[in-house]
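Attaching a single structure in structure tokens format; questions to follow.
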Amino acid sequence: QTINIGHLADYSGGTSDVGQPYGQGTQDTIAFIDANGGVDGKTINSDFNEYGYQVPRALAAFKKWVGTDKVVAIQGWGTADTEALVGMVTKEQIPYFSASYSASLTDPKGKVNEKSERAAPFNFFYGPSYSDAARAMVQWAADDWKAKGKPGKPKWVHMGANHPYPNSPKAAEEAYAKELGFEVLDPITFALTPGDYTPQCLTLKQSGANYAYLGNTAGSNISVLKACKTAGVDVQFLGNVWGMDENAMKAAGEAANGVVFPVRTATTWAGDAPGLATARAISKMSDPSGTTYRPVHYLTAICTALYMKEAMEWADKNGGVTGVKIRDGMYQKKDWVPKGMEGVCKPSTWTATDHRPTTSVDLYRAVVTGPTDASVTELIKTGTIKLEKVATVDLPRKTELQGW
Amino acid sequence: MSTTSVVPQAVADVRALLSVENISLRFGGLKALTDVSFHVGRGELFSIIGPNGAGKTSMLNCISGRYTPSDGRVVFDGADVTRLKPNRRAAIGIGRTFQNLALFSHMSVLDNIMVGRHHLLKNNLFSGALYWFGGAQKEELEHRRKVEEVIDFLDIQHVRKATAGTLSYGLRKRVELARAVALEPKLILLDEPMAGMNLEEKEDMARYIVDLNEEWGMTIIMIEHDMGVVMDISHRVMVLDFGKKLVEGEPAAVLADPHVRKAYLGEEDPLLEDEPTPAALSA
Amino acid sequence: MADAALKLEPVAETGAAPLLAVDNIEVVYNDVILVLRGLSLKVPKGQIVALLGSNGAGKSTTLKAISGLLKTEDGEITRGAVTFLGEKINGIEPDKIVRRGIFQVMEGRRIIADMTVLENLRLGAFTRHDNEVKSDIERVYEFFPRLRERTGLAGYLSGGEQQMLAIGRAMMARPKLILMDEPSMGLSPLMVKEVFAIIKKLNVELGVTILLVEQNARLALSVADYGYIMEQGKIVLDGTAQMLQTNEDVKEFYLGQGGGAERKSFKNLKSFKRRKRWL
Amino acid sequence: MAMNTMRPCGDYRTSYKADQTIFQTRLTMLICVAAVVALCFAPFFFSRYVLSLFIQIGYLGIAALGLNILVGFSGQISIGHAVFFGFGGFASAYLADKGVPVPIAIVLAGLWTTVVGLIFGLPAARVKGLYLAIATLAAQFILQDFFVRAEWFTGGTHGALAAPFTLFGYDLSGDDKYFYVVLFFVVVMYLGATNLMRSRDGRALIAVRDHYLSAEMMGVNLAKYRTMAFGISSFYAGIGGALYAHYVGFMSVEGLDILFSIQFLGMIIIGGLGSIMGSLMGTVFMVLLPEATGWLASALSGSIIDQALHLKSGITYMREMLIGAAIIMFLIFEPDGLAHRWRQIKTYWKLYPFSF
Amino acid sequence: MQSQLLLQLIINGLIIGTLYGVVGMCFVLIYKASQVVNFAQGEFLLIGAWVCWWLLTAWNIPFFWGFLIAVVFMMAFGMAVQMVILRPLIGEPIISVIMVTIGMSIFFQALMKWMFGTFAQPFPPIFPVDKVNVLGLQVQTAYLMSTGVSLAIMAGFAWFFKYSKMGLAMRATAFSQQVAQSLGISVRQVFALSWGISAAVSAVAGVVVGMVNGVSSALSYFGIKVFPAVILGGLDSIFGAVVGGLIVGLLENLGQYVDSQYLKWGNLYEIIPFYVLIIILMIKPYGLFGTRDIERV
């Protein structure tokens, strides 16, 4: 007996730099599940679809899955396609686990507060929402400012392209910064592609900002970090979950040193959590030698896939593996970590009224201490690049803050 | 430069269909036309001749609106059209053909000619798209009938549906003429209609032009290098040289003018223009 | 009437093989439109050969088939051979054909509109590597003094000036064989005479062989040594220039002297369609 | 000369009306009508996946036709078609949100887009060729920026919900039903374009493309028709976009990028510039190409070839490369587009066996 | 402080502008020879950058030699692309050729991802100092180097088109392939040469951008970024491409200034070149230095 699911990934399109490790994580995990007894004996049959980050292709894939393959769940990817499919997913009652952490996907009923736009009852993700992660960084920045004993009001600035993904947390982050006594400066825009961002850095320098949030993906963030380093900007940069990782640190080199950003899992590949053993076993599915270093996105993908698997197990025991049952399966446990992933996946809770898995955010600092022209695996081994945990920020789980 | 009017201006200016008054045209430093005036009466077949680069085509361009003269006026049918846009001039009755073919080469011959009727048709975007319902079909068919008359007249029935770009040169010239005639113009400007044709075809073309003039009642201005044709069919001839008007008058008189013979014909007997002298060949 | 019967005189057999021989070629446009149906002709070295025919007969197509430019118009030689200096040249790239010494002056002049006259002339000499280009340019200017004065872009030249430039450009290439497509088109009577004089001069003084396509049959035959008349993709009549000039049919349909010696007036022609006798 | 008319023997026209038909022969007409009728039964035979591909081909095909009217018929290249598609989607979503019934909203959205298209078409009165093409690139960037800013209209970066398609209270939003909606629009829009091209304004457009100077002197107002082409093209794009919005139920600025615009160009170039049916053929090609390569890739992955060559994730890259290569190969062998080959085949059969 | 900022922005604009100018010239070169707008130009940058990166990191070749090999390789690559892919299309509609370049862009984008992965990779440090002070602005050494190289390339191009017979032949080919062939110009050679040079020069730009930002497939976006520059200057003018590049570079920087100080739009820097582009085209429909089409009947 098999369980059909769909898997949407971007290996060749605009977000392939992070899409590749994330997608690999999902593929490996599914393969691992199947190799280890499946879901109570049922194998998961995943239809892999590389869609190049193009909405029409995602749409076609979705139609194939509901029409032909009769999938019961989907592992999705980007914001554009996830948003475009919310309506259809709801209609077809297919749980959709994506890598878009937009807070607008966390409101299953719709309109919990006036800022929440629409209901997304079948959308799930693992990790803090973009908004909550940004709020956590605001919180950390406020504490940091106090701890350093600097005088006056700290200045906060949002940087990023004027696009759905970078903008997603903007309102939340700026509102929270104001609340915590920051002076919020005019946002600084830079495109999603690498380029020369010296003018932005000069503006940033002149504005006297103390904390700058980088909302873009890694490629363009690297350009900004480098340009700002050259221009001699003295700002604490804060990155988005997709804006910084081990590969980006390597590419940005010392310019990335000091950037603080959220990590969705409780550890990195270099850690020593018990659950990493399982993760390494999963990694062997595509890397038999077991030597490759896996970036944070890979671990996140493992967690996401395993939550889905356990929800399927519940569904199987409670009336059959259907979309609705899998969704209900997601609601069964509180502060839940998939089996074997202790210390890797952060305890998460989904309820019928709140799809924020967690509001506790781990912040790490990128530490780069030398030239980065070796491979990531080596750089980590030699300690040239390191991820240092700086804080865990526990945000209050308020309904006012849900959905935006 | 003295402008010898060989015949007294028989046609009074008021009755003239077209009056070109003191036109000058400059391209940067080059004076393509200098102070040229002439009148063309209704029903006249008027020819412009002159050496290459004399400004003949430029003159037609001023009349049809492609160029705006730097000085002077063009009065057509009682109205000053000097600054009128070319497409408006088509609508008030000036049609033309071109020296270097200017057909719509990817369209069928039929469609090419139908474009000529553009200003006579009323159907638009909406009625056109609705075709069967907005009266467009009826109108198109009516005009198709008119176009067929032109096609019959010019004897191009057999290539109606052919793509204009694949036709041979001579046929294309004829299609161009058809397109201009379809406009139902009062004045038709022909820029070297016989160029590139053999004798037989020239004869046909001359026939069409004469018929247009005599039977269809169109006023015609023609540029042509074939003196035989010019001599035989035009009522009056004007000679341009270096952008200036040299002479104007009845064909025989113009060709007898010594200036013309020298500058244009090379001092040969105009009637024997296509008989090369041994002297010219062995020069 | 059989074709052979129309041969007025055998091709001037000068003993040597002709410079150019077109042998029974068939040309098709766009894979479907058959234009030349087994056309053959010969151009002996040092001669001017005229190719006459009505519009659409395929004269330009013949020239393009020789120069290889057919390809750029979706045309193709599907049968037969074109031989130049004893070697088959159909199928080779047009630029290589130019290098072998065949230069075509295309119908409609085709000068490069966005270059100056001088640049156009220099390009005519593109295939040459000697250092007489400058003096050749001077010679072109001597032939066509008008061109010297035109310093702007060639696209702004008048029709006749462009024709001069096109011929001048061919002179610059110093080819063995010039294929000339309607050189008199659009020229004033004076200029036509000059151009034909120049064609003759090119032939006599520089020894250039010329294949001349021309509507002005009288003029063409007056400079040519030999002539071909084609209709609908086939040669229907050929002979020496003198013989063609005296042929009754040619006289009537190409020279305009049918019947009497008096030229008919264009004004009083009857508009009935005549049939050519050889069709 | 008779071959130029290329009509089969025995096919006589006795009136101009008969000669002016859309279809050159009765057979082609029958084939087309039969195809539409057959399509009407498609929902009974095909899976939803196939239907969704049809639907995609439908709304993209409408927009592609619009672009073809601009590029193929009026000779002006646009590299910003996607934003007009997007504008139609947003406009329709907005109107439907304000209570306008969806079918009407779609048409109104088309008209709004027309206005926007006309505005961005204004430079066309002066600017030509590739210069104009790049000026449309400006439309691409400026409108994309507008979508993000105009929150009242587009929902800003959050995007806008688009109401499902209902007709007289009857819900037509499932693939099997929406299919008919799209089919209806496709038929109407394609017939409209065909009619346009055989009447006054359409001819004027083509004339402007082929030789604008002589067109002007034949009485065609250049500025008007150049700009109008942008209007018509945007109308089609707008309708296509609106159909998309109500199909998906959501409209977001993401995805309306230059790549999407380029894809539209691909559709019409591959289909055949200046060919109405070509627009549809090209759309079919561009929609099915990634799907086809996808089938190939999934057939290949895990196979012996995969294992032997250690392709793994390489397969996904090979698939993309295949898409690129297919486009290249296609154009090398068929540079005039699908419609051209289709015409050649038709000509061949009509003249058969006298092909010359 | 503000005037200081303005000055620095202007300097930066000029430096980046020369880089745009060089990439712009690559466009113009291909356009001049074949009227083709090359949408795969960005991929040429990318391939050049990857090749150089690979030589430097995998083979530890000194930068100078690695750079040189990469440029020569790209020259050969450009010619090969022309021969294999574009040659069969000689004489076919230009728009189809443009579409083929789009196909090439898709193809090479994927190929590069396959060969070199999807992550951005840094160049090993090349210059002893990584920044230099120019009138108060800290400038990356790589950018300074590119400015120098760019100026040299620009001079070379100017000479080529003005004086060499090949330059003339390219212009003839652009005007009409048929006419060019009738003059004995080998259209194939002209194309091969123009693609070769264009690819080689692109590689220079690719390496520079790669040195600054790291090499990643997103680098190919540079190809589209220079469109406004090329059009501003006039599609067929080498000089225009340079001027257009400088203008766009300046506009971006000044746009950022105006935006941050007064307008507060956020992304003026990104779209201002396009607004200016439309305005300039309305005044000068062939850009600043483009040749007008000859409109005669």
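Per-chain residue numbering starts at 1, and chain names A, B, C, D and E are given in the order in which the chains are listed.
Going forward, a contact is a pair of C-beta atoms (placed from the backbone, for glycine too) under 8 Å apart; a residue touches a chain by one contact, two chains touch by 3 or more.
Worth saying up front: this structure is predicted, and the values here are computed from it rather than measured.
Trainee: Could you work out how many touching-chain steps separate subunit A from subunit E at minimum?
Mentor: Contact-graph shortest path, subunit A to subunit E, evaluates to 1.
Trainee: So, comparing C-alpha centroids, which chain is the farthest one from subunit C?
Mentor: Using the mean of the C-alpha atoms as each chain's centre, the farthest one from subunit C is A.
Trainee: With centres defined as the mean of C-alpha atoms, identify the chain lying farthest from subunit E.
Mentor: B
Trainee: Between B-C and A-D, flag the pair that has more C-beta pairs in contact.
Mentor: Greater number of contacting C-beta pairs: B-C.
Trainee: Whole-Å distance, subunit C centre to subunit E centre, using C-alpha means?
Mentor: Here the centre of subunit E sits 45 Å away from the centre of subunit C.
Trainee: Once you find the CA centre of subunit B and the CA centre of subunit D, what distance in Å lies between them?
Mentor: The mean C-alpha positions of subunit B and subunit D differ by 42 Å.
Trainee: CA centre of subunit A versus CA centre of subunit B: separation in Å?
Mentor: So the centre of subunit A lies 74 Å away from the centre of subunit B.
Trainee: Would you mind pulling out the distance in Å between where the CA atoms of subunit C average out and where those of subunit D do?
Mentor: 47
Trainee: I need the residues of subunit C touching at least two other chains; which ones are they?
Mentor: In subunit C, the residues touching two or more other chains are 33, 56, 156.
Trainee: Residues of subunit E that touch two or more other chains: which are they?
Mentor: 109-110, 113, 267, 270, 296-297
Trainee: Among the residues of subunit B, pick out those that touch two or more other chains and give their numbers.
Mentor: Subunit B, residues with two or more chain partners: 57, 66, 98-100, 102, 166-167.
Trainee: Name, in rising order, each residue of subunit D that touches subunit B in their complex.
Mentor: The touching residues are 1-2, 4-7, 16-17, 19-20, 192-193, 195-196, 198-204, 206-207, 209-211, 213-222, 228, 232, 274.
Trainee: Once bound in the complex, which stretches of subunit C touch subunit B?
Mentor: Within the complex, subunit C touches subunit B at residues 29, 33, 52-57, 60, 107-108, 146, 152, 156-161, 163-164, 182, 185-194, 196-197, 200-201, 204, 215-219, 222-223, 253-256, 263, 265-267, 269, 271, 274.
Trainee: Mind pulling up the subunit E residues that touch subunit A in the complex?
Mentor: On the subunit E side, the touching residues are 1-2, 5, 8-9, 12-13, 16, 57, 109-110, 113, 117-125, 130-131, 137-140, 143, 209, 212-214, 216-219, 221-222, 225, 252-253, 256-257, 260, 264, 266-267, 269-270.
Trainee: Which residues of subunit A touch subunit D in their complex?
Mentor: Residue positions touching the partner: 9, 11-12, 20, 24, 47-50, 52, 54-57, 59-60, 63-64, 66-68, 79-80, 83-88, 104, 117-118, 162-165, 167-168, 286.
Trainee: Using the touch definition up top, name the residues of subunit D that touch subunit A in the complex.
Mentor: Against subunit A, the touching part of subunit D is residues 47-53, 56, 60, 145, 148-149, 155-159, 161, 175, 248-250, 252-255, 259-260, 287, 290-291, 294, 297-298, 301, 312-313, 316-317, 319-320.
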